[in-house]
Every structure is written in structure tokens, then in C-alpha cells.
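Reading through the C-alpha cells given below for one structure.
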Amino acid sequence: MALQSLDIKQRSATTTPAPQARQTVEIAKLIDVSACIGCKACQVACMEWNDVRDEVGSCHGIYDNPVDLTENSWTVMRYAEVEEQGKLEWLIRKDGCMHCSDPGCLKACPAPGAIIQYANGIVDFHQENCIGCGYCVSGCPFNVPRISKKDSKAYKCTLCSDRVAVNQAPACAKACPTGAIQFGSKEDMKDYAEKRIADLKERGYEKAGLYDPAGVGGTHVMYVLHHADKPDLYSGLPVNPSISPMVALWKGATKPLAALALAGVALGSLFHYVMKGPNEVSKEIEKEVEKEDAQ
Amino acid sequence: MTNHWVDFKNADVVWVMGGNPAEAHPCGFKWVVEAKKQRKAKLIVVDPRFNRTAAVADVYAPIRPGSNIAFFGGVINYLLSNDKIHHDYVKHYTNAAFLIDPGFKFEDGLFSGYDETKRSYGSKDTWKYQMGADGFARIDETLQDPNCVFQLMKKHYSRYTPEMVNKVCGTPKDAFLKICEIVATTAAPNKTLSYLYALGLTEHSNGSQNIRCAAMIQLLLGNMGMAGGGINALRGHSNVQGITDMCLYAQTLPGYLGAPTDADKDFATYVAKRTPKALRPGQMNFPQNFPKWFVSLTKAWYGNAATKETNFAYDYFPKLGGASDALSIFNDMFMGKVNGFFCQGFNPLASLPNKKKVGDALAKLKYMIVIDPLATDTSEFWKPHGEFNEVDPSKIETEVFRLPATFFAETSGTLTNSGRVVQWGWKAANAPGESKDDAEIIAEIFLTLRKMYAKDGGAFPDAIRDLTWAYNQPLSPSPEEVLKEINGKALVDLTDPKDPTKILFKAGDQLPSFGFLRDDGSTSCGNWIYCGSWSQAGNNTARRDSSDPSGLGQTLNWGFSWPVNRRILYNRASADLQGKPWDGSRTVLKWTGSKWGGNDVPDMRPDAAPDQYVMPFIMTPEGVGRLFSREIMADGPLPEHYEPFESPIDNNPMHPKVKSNPVARVYKADMEAFGTAKDFPYVATTYRLVEHFHFWTKFSKANAIVQPEQFVEIGEALAKEKGIKAGDRVKVRSNRGFIKAVAVVTKRIKSLEVDGKQVHTIGIPIHWGFKGTAKPGFITNTLTPYVGDANVNTPEFKAFLVNVEKI
Amino acid sequence: MQMNRRQFFKICSAGLGGSSIAVMGFSPTAALAEVRAFKLARATETRSTCPYCSVACGLLVYSTGDKSKNSHSEIIHVEGDPDNPVNRGTLCPKGAGVRDMMQSKDRLKWPEVREPGAKEWKRISWHDAIERIAKHMKADRDKNFVAQNKDGVTVNRWPTFAALAASAATNEGGYITVKMLRTLGVTQLDTQARI
Amino acid sequence: MIRDPKDLQRYDAGERANHWVVGIAFILLAISGLAFFHPAFFPLTQLLGGGTWARILHPYIGVFMAFFFVLLFLRFRKLNKMTDADREWLSRAKEMVDGNDHNMPEQGKYNGGQKMMFWWMTICMVVMTVSGIFMWKAQFTVPIDLARFGAVVHAAVGALMIALIMVHVYAAIWTKGTIRAMWYGTVTRAWAKQHHRAWYREMTGK
């Protein structure tokens, strides 16, 4: 076992399973929105660790900057001013890859080994294998991957796979000043979330809860939300995300059906030829034509 | 701050008003979040804007900029009238029981003794304690005497009703009362409130009194000296605390030793005036040690020239001739009274109010020396940068020198955080190009001057000649040598005063504490409060043991906390008269039977048994905390609400005759440059954003990316009125100039009803300028008024008037 | 036929496997998936303090090289010092991006002078800069120094020279600065702490 | 085979070139398309210079093919109008497949099956082009659900199209003497009389 520093669970566009014998700990990042002050330390720590720098943009009349994820901004804060029952709340969510257990990007990816899901749950893009088709963009239920304008490769949060591989927390989690980002085993993170949710409920957020959507098999980036019943309040966090049925159809049923259909046509033709023989001009007509020529 | 960053986690209630730690101090704010998570603490935020601290607060209340004292007064009134105070604490540890001169009065907005012609309190005699025949202040332990501080306070603050708070501050009454209720819970002896503030309290014409209000509330609640309590100035730069301790400002010498003024004709007068006598029997009255600290400083600076015979080189210290704060300096400069200006790591063009005035002042200099790692706006005040800096260089005769300095990790040395912890940092890389350390640059300038004076003579060369400069490499004083000098050492063998045969320290030994400093010239110490930072044991600021046996976050073996490694000031007040902690689960100090022990270095004579009644506030001659500040403040012994100099309302609702701070210094031209609500109907307040640090990070690409362009924040109501949409460009004008910026339209700034009038607030972040990587912007302080706090002249950046229009 | 999502996916993937066999595609290249190498391996780690706010967070500054004679060190990364009791490894967006500040394109690299009326900077040597500054200072001081005030009290001050000092300099730098300024007689002195 | 001067000209040079331009483009598209569609075919991308080149070229080849298909369409659309005879032919297609053309009605230049192939190809071309544009991230940005819809349609219709082309090719192979029409343009009169009697009459006047 040599070629990877993290065990692989599955790789894109590969029909045979990766070695599955080793059982390593499943990790997760927990974002406690109720403790988030929207300081963007995670954004800058991400830029600093991964050596990516976006363009200096401009102010769009909101605090969000950069305004959206890009190939150089793998995480951004999204700010929503919500007024419910006269109480103003500023719901600030760190957006980025959710590292789904059932990753739509990986499902959609046609390039073998361009997207890897590690056994610990990290879904990582390997740009050297990426062909730049953007299928991952269509595959993602959270609108995360971005194609670089410079090199046409897809980029997104790696969950700092290079740090996790040497047992360090992702850069954002380490930096987070208020501990709104926690990192550990998925089980620990769920336990921690439970405590936070209990505290929030005591403070009057009766609908507080954990966002770990089952539609994508659970995620390795989870949120503690004060309003878990309304995830869309948080700048449009999907209420019930899943891989789009169209993508499922495209990368699911279509594949075997089409392959079978094509094989059927090919084999059908072959056997038709073998069994029925060629469709030749009949001797009769050949003679007729010869006769005409003789005239 | 009286406590320290990690100590916030010990609080039951955290009250932030006049600060925004989530944005300005995120990593310190973590301990507030920790208090919420671990202790179920409540976080209160009072601010004109629903800011990022408010985003995680339990209770938020809006307030009109510049009306803090009305709010505080309301809280004091609530606590007093609902009897929500910590009685034993107030009675014994504050001056509540002290009797004040019967002539003391407050009428029509003025305290007794006001002199209108001088705009100051000419006589403060009535602000003093009644003195008994025994030479001590008189007290009434029953707190019933109408002239006792407690009764005077009750009377004074009875005017600050919830209705009045609502009228002046615009804060909804229910939100105000809810906050009072939560604050009042900490009057219980075992509950604490940690008060957090920063420039939101200081940058007002009543800044000092704002802070006093917070301190008074903490005294009433018995929260000073407690773990999870205190009054905590969050402060600004990484070493703003250390530079303040080193006293790089006119009024004091290192260690807060009052600098001599023209009134201090000779050494004896100077020392006598600064060495107080105890106002109550048996009190420590620690400032009585002033001569030891001052003499040790003179030995550190002038060595053998500082002897008894020369009055310890007293005349080598220049005497202050008058005001000398940043505003007065630039006013003098503006008047053409200054030739040379030394500008070290400071960007006054951006940082001081009224950029036009500051720029014009700089243009009147003959020469200016800028020492900075970065190409600051100030260093290019003479250079045209479009509409951001419209100047004509051919008309500016200032010769500007710009010297490249090192940045933090390019040099070693100590920084002191606002929890007073002095920490050593190590050099990680060389600075670019030919950059030099500040100390090297100073050494070069100084030694060149010394050579010139030695060769050619000149005005008063004595001090220049005699200044100690015994560094191994004179042109490059190492931080190690300098810190040792600051710490101080024995100059001769020091013997034990109780046993003269016993030698405590040999000549040349580093001293472990200021307790060993002497006033006879046998010790030297560059800054008494730093004594102990580099003892014979070595560099204590470089200690890196972060163990925390108490669980309170005291980490006594991490770095060095002045004074004498004490982490919580006034910690004697965390225990009752008998020395039993008010809260046994958070013991800071306790009387062990023979001495003070616990989890901190005692802020008390270690063997002062409780029955000696030595009170906890050892830096005051009375030994107790001051609810009534005697004659110390310029604008009154009890804080009173005055309107900002630019106010949206016509009168002070508390007292129509006196609108704004009656003793704040205003220069004539600046008075004329104030705007009125008629032309500038909206209140503006300036502030910082989490993505940027002052005017520095506009040079940092990462920060320019996460907040690239100048903007102003406008509430939805005003935006609708003015037809402004988010993302539009707007022009904001004050009577001193204009800026243009993108509009952020938000629900987070509400318009408030103040004194029957709807008042809108516009929020203006400060971080942009014409130099840097971020998009060029206008200097926000183009707008701000040139007036400061009545006591310390910190500019009134937080409340002024503007108008806004879409462009 | 009733089918839940999981069964559906199973069937699909079985079909996918089956169809691969059916079409007997080419064998894919070997699966290489290595994470990015940990970039700090063998970097030099230095403990420092963040230069920005007064929380004064502990920093770990990582630079290239091992401080050997011929290797020039360059800072490649900064993150929080987990041992520091206050920040415990965390950093805010300012601290986390401090490398960009140190390596800003606007860092000054050599002394410059802007002469009266000039439109541009002129590079000068340290020697010239210090000489010229000292000459200015001495001439000004000698001319305007006040030894005694009008009441005859010795005041020894230099009123025509003003200084503003950094709040981000080290204590040692600040101390040296105040020591010199007071000795020269400067009383027009203030610091960023006022503001 | 020796060419007989009496052979009938079925396609002129322009038509043949047009057909093969489209055909070659189709093959390249099919190869790269299958590679993206199913991992088993991914190594086919090597034929186009690797995955990234295949991704870059595929849509451009698609546009190229669409353009030449339009020309092809304009050339042949009149000849492919469906008639009653075509419909009858189609209704008896099963017999044809069984190898029994005795009951098949007389056919013009194209029989009903060929015409159906023509119209199916046309529909597929349109659908493939439009859905391909939805997927072409390098050039177009469409709402994500449209891109997803495009992907399903492109995949399914692409497979259908490949199947149809396989039928098309097989039909040419199966019906001896057909392929030469697209190589050098002529067919024997006997071939024409056998398979496209009406066209034969039209061409020979018999």
C-alpha cells in the first residue's frame, strides 16, 4: 500500500472498487453557525494554507467578499439579515464543499481519478486528472465546484487533505477564533453538536438542530443551525439536498441501458447477418439487367 | 484591562458597549464565546449598529452614537433604586461612604466651580472629601449622610429614568430594562460581569467619563478584582499597552510617572506633588513609592550624572509647557509653530480628525522623518492621488525623509497585550532591502547628533552627552540588553533593610520586583512596572509554560504580566473583608491564615491580615475604588451626559443650558467647522471591520480580497428615503469635506426616535486610503470633527453629523 | 415495483459494472491519488507575536531554509501558535493573512527623500539620510531650544519639534525612542494609543 | 470491381465529401462522447490526445458536424419526403429484415427506412447540438438544472444516435453493393432495380 497517504474509498470514473480492507476513522468538520461571527478568518486561512489568492474585487453593497466561491476562493462567508417576529438575526454561514458521503461530483465525473473520496470522508479533486468538463458542477447539489478560467481545472475545498493526512486539522478549523468550526471524528462532532443544540434550545431556539442531510448520505461538513427547520434562511442552504434526479439518471440508469442498447445493436446486427445472410441483388434482376444490356 | 483575555471565560455576563470585539479582537472574543458555551453566560451588546458581536449576542439594544452616559446613568439609577448592588463591597471597597464637601453641587448641567471664561472648572475645592481632625477623609458607614458619595450618586442619577434613557439614547425601553435586569443579576457576590470596551467609549468628547461610568457600575456590582469581572479595555495595536506603559506621550515618563511641568519648579516640588499621603488609616497608598521609581529611572537614563547632588539630573527632563496631545500638536503645526516632525509607525493623515487640516499642517513643516515598513498615506501627503488627495506638490516645501523599518517578525523583542502580558517574539526572517530596526534607526540618529554636539557644541548638550548608551553594539542596541535595562538592576550590593549584614543582591544583579527599588540612586530601572520581566532568573517574558492549574486561565508561567506577574488587578477585592473569596469556585485570592494565597500574585501586601483593614485598591491613597472621582477629572466627579459637539438634536434633554461637554477643548477654527443638524441631519459614526486593521491591511492582498472597497452602511429607512440601493455609490459630506463610497443598505442600523425626532445613523468604516493593494478610497477622517475628550483629548470619531446623497 | 433510492443506486451500479463487462472497455490506468505534500515539512518554525491588535496572538512563522549560511530564508506560511494561552492556535483574518502584509508590494526597501517642492521620491543612502536628518534636527534645536521659561524656571525643552510614536513597535524600540526624544528635550510627543 | 459506364450515379462528389465529413466528425464525437459517458471507454480519449484534449475538441467537432449536417440536410431533405409507398414499406419492414423483399412496394431513391433514418438523424442532431450547448461549460453558462437536463438528454440521445448509425452502417454492409455509392458514387443498375426500382425507372427511363 504505497501510492496514497489516505486510504481511498472510491474514485471517479472507475468501475472496480478501491482496496477496502483498512478501516480508518471517519472525520468531519462541524460549523456551529450560532458561534460564527463572520470574521472570514477561515477564508483567509484557507487562502494562506492553500496558496490561493483571488482578485481584489469590489463591494457589491453587502459584506460578502469574494461574493461567490471561485477557483481561488474555496470557502466564502454568506451573510443573511433575517427579521423574524421583530427580532433581527444576522445569520452568517461559511459556504464551501460539504464532502458528501454520496458525492454528486464524483458520480458525475468522467475522468478516472480526478475525484477521490477518501475513506475518512474527504472528497478531493485531483487537478492533474481533471479534464475540465465541468460535470462535477452539474453533479453537485450544493453548487460548489468551480472551473478555473486559467487552467480549466475544477477546484474546491480539499478539507485540507494534506493537513488531515498528517493528522492536522484543516486550516479553517484551526484558525476559527470563536471555535465555530470544530474538527474531529464524525462521531465526536455529532456529540459536540448535540451539546450545542441543547444550549441553543435553552436559549430559546427551539428548532435548533444538526444539518447532516441524509439525501446525500450525510456530509463531512455539518452545520449546527439555530433554525434547523429552515436551512434556506442561511443564504439558501438546500432544505433537502440530494443528487439531482437528472444527474442520477444520467450517471445511473442511462449508462447501463445505453451500453446494453449499443451492445444489442452491434450483436443484433452481427447475428442478423450470420443468420439471415446479406441482402444481395437477386440473380433474376441481374439477368434482367444483363438482358437489357444485350439488347 | 484589569483582567485578561482568557479571564472572559469566567464571566456570567459579558457586557459589550463601546467595543466590537468579534470584529476588532476575534481571538480574544473567543473567551466570551467560551463563557457562553461553558458557563451559559449571557452576552449583552449595546451599539448603534447590530455588528458582528451582536450576531452572537443574547440581547442587543441599539443606541444613538454619543449618548452612552445617559444609558450608563440609567443603569446606575436602576441598580441604586432597585437596590441591586453588592452591599458589603460597596460599603467597604468603594468610596460610597466618604463624605464630600457640603459645597458640592450640580445645577443646570454644571458642577460647582465652573469658570465660563476659561471653559474649565476653575475651582474644584468642593469636589473634595471632608477631612477629619486626624488628617484622614471622613466617612459615614451607614451611607445615610446626604453628603456621602452614595447619597450624592443616588440624587445625581435619579434623573436618568428609563424614559429619559429612551428619550436621549433612542434605545427602546424594554430592551434597556432587559439589559438592566441581566446586569443586576451580577450584584450577587458570586456572580460576575465582565465589561468590555474599546474606542466606542473613548472616542467621544466624554470618553473618559464613559469609562468611569462602566467602572462605577462594576464597583456597585462588586465585580472588580473578581475572576470574570473587571473593566476591560480591549485596546488597539499589538503593543499599544506596552507603548503606553513606556509612556511615549508627553504627560508621563515610563511607568506612568507624571512628567514634570513648568509648575514643578524644582526636584523637591516635583516629587512632593506626586507622592500622595494616605487618605485613610493603614492603607498601602502604593504611589507613595514614587521617588524610588523616578530615581531609578534617572539612574537608568543618566547613570553617573544622576546623583543626589544633581537632583538626579532632574533638569535633564524637559518640562511640559502646555497641552501636547496629538490634536494640540497638529494644531500647533497648523499654526506654523512646529518645524520638525518625527513620525514613527503612525499615519496621522489617516488617523487624526479633519484630514484637510492635518494635511495643511504637514505642509507647514520644514522637515519630516517617517519611519515605517510601509509607504503610508502620511508619507505621501504632498503627492497628488486623484480626488483622494488633491494637493499641489510644487507649493509644499516640507522635506520628507522616509526610512524603511522592520516589520514584526523581522526583529526580536517584547509586545504587551491588553491583558498586560509581556511576550517575547523571535525574529523569523530578514526585512526586505535595507530596512532597519527602529532601535537601530534611533541609535543612528542619536549617536550622529551626539557626535555633532560633542564636536560643535550647541543648545544644552548635557543630557545628550550623559545619556547612557552602554550597548555592546551602540548602533544596534539588542532587545535583550534594552529589556534588561528596562527591568533594572542593583548598582551596588543591596542589603536587607531588616538585616544589614544580609546581601540581597550583588551589584549588577537584575532585580526581580519593584519592591527592591530605592530612592537613593543604588538601583536603576527603566520602567518600574516592568521590573521582574528580566530578573536574575532570565528573560521571564519568554516563558512558555501554558499550564493552568486553577482552570481560571491564569497561566502564571506564561510570559510576564506587569505588575509583578499579577494577572488580575485589584484581586484582593475578590475576597470579603475576612479574606474569604466571594465565589469559592473561582478563587483568585484568599487569606490563608498567615498570608495571601490563591491563584494569582496578590495585589496586596502579602502579610496584610484582614484585621488590618488594608483595602484592595492600593493605587489610591484612600485604598478603595472611587465612585466619586474627587478633583481628578476635568469635567466633573460624577459622569454627566453631554451631547456630542455635533448633535442631531437642538438641546441636551437633561439640561437645556449646557449642551456639550463644558470643558472640552475646542480651537476656534474647529468650532467654526462644526456642522449643524439643519445642513447635516444624519449622525455618523466611524469604526473598524474585522477584515482590516486600521490603515495597514489595505496593503495586504489577503485582506484586500476579503474586503476590497470602501463602503458606508445605511439603514433601510434612510436608504428608502434617499432612493439609495445596495451597491449604489454615495457621497457623504460633513462640514469639513466629503467621501464617496459604495452603499451597504442594511436592516442592522435602525433609525431611532430621540427627543421626539427621528434620527438616522450612517456607519463609516475607516480602513481605506490612497495607498495600498485594496481599492483606493477616501480617508474617512476627512469627515470627522477636530475635538477631543475633555480629559485626554481623544478625538470624537464616534458621533458627528453628515449628509448623504446618491451619486 | 417499489424501490427506494439506495436500492435504485445499487441496481444502477450493478448495471454499470455489468455493462462495463459487457462492453469490455479498455483497462484504466493505475489509480494514483496522493494528497498534496505537507508543505511545512523541514520548514524553519519561529515563534512570534501577531503585529496587529492587542490580543497579541502567538504566531508560528514558517520560513524556508535551515538558517544555514548560504540559504536565504523566505517566509512561506504563518499560522497560530497552539501553545499561546490566549489564541490557542486560532487567528483572525488579519493575523491569518499577515504574510501578505510582510510581503506587500508597498514595503519600503531603502531610505528616500522628497525634497521641497519635488514631485517624486529620491533614493538616498542611509548615511546621507541620517546626516541630513541630524543636521535639520540640530539646527532647529539649537535655534529654538528653550532652556528657561519666562519665569526663570529651567524647562530645557525643544518646542518646535514634534513626535508621534508607533503603538506596534516593541517595548524595547519604544523605550529607546522615548529615551532619546526626552533627552533631546521633546515634549510635543504622543502615541497612537491616544487615538 | 470494374466500373461499368452504365452504372447509375447515385451521389456526386460533393455529396460524398459532405457525407464523409459528417461521418468522420461523428466517429470522433462518438469516441470522445462515449469516453465521457462511460469509464470503460475513457481510454478512447487517447485517440484525441488525452482526456483534456478530448474535452476541448468534442464540442468544436460537434459544431463542425452540425454545420456540415445542415448542408447535408439541405441537399437531401426533398428526397426524404415521406410518401404512401414509404409508409407501406415501413409497415412491411419486418419482412424486409427477415430478408424477404418480395412484398415490398417499389421505392424511389430512398426507401421508408432510409427516410426515417434521415429524419431521426436530423432530430438527433438538433437535440444533440442544443443539449451539447447546455453542457459546454467553457463557452456557455446556463441554469444548473438546464445543464443537468442537457447532460441526460445528450447522453441518452447520443447513445440512440450511435445505435442508429450502427444500424445505418450495418444496413450498408448488409445490402451488398451499397457502400460503393458512398465511395465513388455509383451503383449497378441491378442494385438500383432491386432496391430502388422507382428511382431505377426514373434514372433509366425504363
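First chain written, first letter: the chains are A, B, C and D, and each begins at residue 1.
We take it that a residue touches a chain if its C-beta (ideal position, glycine included) is under 8 Å from a C-beta of that chain, and two chains touch if they have at least 3 such contacts.
If you're wondering where the values come from, they're calculated on a predicted model, not measured in any experiment.
Using the average of C-alpha coordinates as each chain's centre, B ends up farthest from chain D.
Across B-C and A-B, it is B-C that has more C-beta pairs touching.
Our note on geometry: chain B versus chain C, Cα centroid distance of 25 Å, whole angstroms. Chain A and chain B have Cα centroids separated by 50 Å.
Averaged C-alpha coordinates put the centre of chain A at 35 Å from the centre of chain C. Rounded to a whole number, the gap between the C-alpha centres of chain C and chain D is 66 angstrom. Among the residues of chain C, those touching two or more other chains are numbered 19-20, 23, 28-29, 80, 87, 90-97, 99-100. Looking at chain D, residues 38-40, 42 sit in touch with two or more other chains. Residues of chain A found to touch two or more other chains are 13-15, 39-41, 43-44, 47-48, 53, 112, 177, 179, 255, 257, 259, 262.
Those residues of chain A whose C-beta lies close enough to touch chain B in the complex are 34-41, 43-44, 47-48, 53-63, 65-66, 73, 81, 83, 88-90, 92, 177-180, 196, 199, 202-203. The residues of chain D lying in touch with chain A in their complex are 6, 35-40, 42, 45, 51-52, 54-56, 97-99, 101, 135, 137-138, 144-145, 147-149, 151-152, 155-156, 158-160, 162-163, 166-167, 170, 173-177, 188-191, 193-195, 206. Against chain C, the residues of chain A that register as touching in their complex are 3-6, 8, 11, 13-15, 18, 39-41, 43-45, 47-49, 53, 102, 112-113, 116, 124, 126, 158, 161-163, 165-166, 168, 171, 174-177, 179, 242, 248, 252-253, 255-257, 259-260, 262-263. Residues 13-15, 108, 110-112, 129-135, 137-138, 143, 147, 152, 244, 246-247, 249-250, 254-255, 257-259, 261-262, 265-266, 269, 272-273, 276-282, 285-286, 288-289, 292-293 of chain A are the ones touching chain D in the complex.
Remark: chain B residues 22-23, 26-27, 29-30, 33-34, 36-37, 40, 50, 52-56, 58, 60, 690-691, 701-711, 725-728, 742-748, 773-775 touch chain A in the complex.
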